[in-house]
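Dropping the structure in here first, questions after.
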Amino acid sequence: MIRGTVTGRLWSSKRIETLPNGALLEVKVGSSTLVAFDPLGCAEGEEVLITQGSVAASYFPEIKAPIDALIIGSVDEN
Amino acid sequence: MIRGTVTGRLWSSKRIETLPNGALLEVKVGSSTLVAFDPLGCAEGEEVLITQGSVAASYFPEIKAPIDALIIGSVDEN
Amino acid sequence: MIRGTVTGRLWSSKRIETLPNGALLEVKVGSSTLVAFDPLGCAEGEEVLITQGSVAASYFPEIKAPIDALIIGSVDEN
Amino acid sequence: MIRGTVTGRLWSSKRIETLPNGALLEVKVGSSTLVAFDPLGCAEGEEVLITQGSVAASYFPEIKAPIDALIIGSVDEN
Amino acid sequence: MIRGTVTGRLWSSKRIETLPNGALLEVKVGSSTLVAFDPLGCAEGEEVLITQGSVAASYFPEIKAPIDALIIGSVDEN
């Protein structure tokens, strides 16, 4: 998994039908940015843990979701 | 997922039979370029969201498509 | 697989339900850091071997764990 | 997918049995080089499109081929 | 696939049970090093071809091996 910081949210109205409804968050990881599906309601500035690849899609058991990055947790503050 | 900008289209006449018909777009992501299958009819200059890996191929339910990058949405302008 | 050094542990209370209980360790690999699930009880400073991707999740046979990095061994000292 | 240029061919006599017979081509992609299985008979200097990961192996329906990079098309010249 | 040079062997006594017995070799690929499972008995200095990801694990048909890098061949000398 990788750790990153939520920097914003992205909307996509023109989308394929199998893309699940829910928040798509932009997350800064080191010097690059990726977009992850957020089932937890994370806010801007929150530190999150992201899983990538086909295991991210397995969170959606009944559909074949085209999701390759999923927020699986928010990192506890020390 | 990653966010990029469509920069062109690519044609391939000499191809394997399992490659689905449809647009293959070149997308600039940061300083590199990848080629993604486009089911949405995106245009040059459009900002898109791309999913990668085996989940990209699961968009094609009845064939084993050799697609590892799929445009899943167009990013809404603010 | 990749080889790295455990640098710390991370806690996440706000998490998705399918994330297995167990240690999430931060591991330094070259100049970057990733987070891996640890079934072996590794300590800070220990050198470990990590597998990545969907094979990491297959360690959890009865659930679809959203784990894309797993510590599979501790590297023997010479 | 990624686009690259064929730079040579590689032979391997000492190999695992599940490696399919066929051409293994070296392909330059940006500043790095990878080796891809070629079902199309591509030549040195040809520009090709490569798919990576488990979808590359799905081209071989009856065996579990250890192939993670497959040439799926030759890029048409403009 | 990627091409690299064997630089050493690694032992791990403290390991998960599903890790198959067999050689774990360190292989230099460009400027980085990875660890691959070797079913071929390769020696230090040998040039090898490595496949990565879930297709590496499919070499082990009866177990779910946590292997994401597999040596599939030794590169013939010219």
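As written, the chains take the letters A, B, C, D and E, and residue 1 is the first residue of each chain.
Definition applied: contacts are C-beta pairs under 8 Å (C-beta built on N, C-alpha and C of every residue); 3 or more make two chains touch, one makes a residue touch a chain.
Everything numeric here is computed off the predicted structure, so don't read it as measured data.
Within the contact network of the assembly, the step distance from subunit C to subunit D comes to 2.
Subunit B and subunit C have Cα centroids lying 32 Å from one another. Inter-chain spacing, taken between the CA centroids of subunit C and subunit E, is 20 Å.
For subunit C, residues touching at least two other chains, in rising order: 53-54, 56. Around the closed ring of chain contacts, the path that opens at subunit A and continues to subunit B reads A, B, D, E, C.
Contacts from subunit C toward subunit A in the complex involve residues 10-16, 18-19, 24, 26, 32-36, 53-54, 56-57, 64-69. On subunit B, the positions that touch subunit A within their shared complex are 1-3, 30, 39-40, 49, 51-56, 58-59, 61, 70, 72-76.
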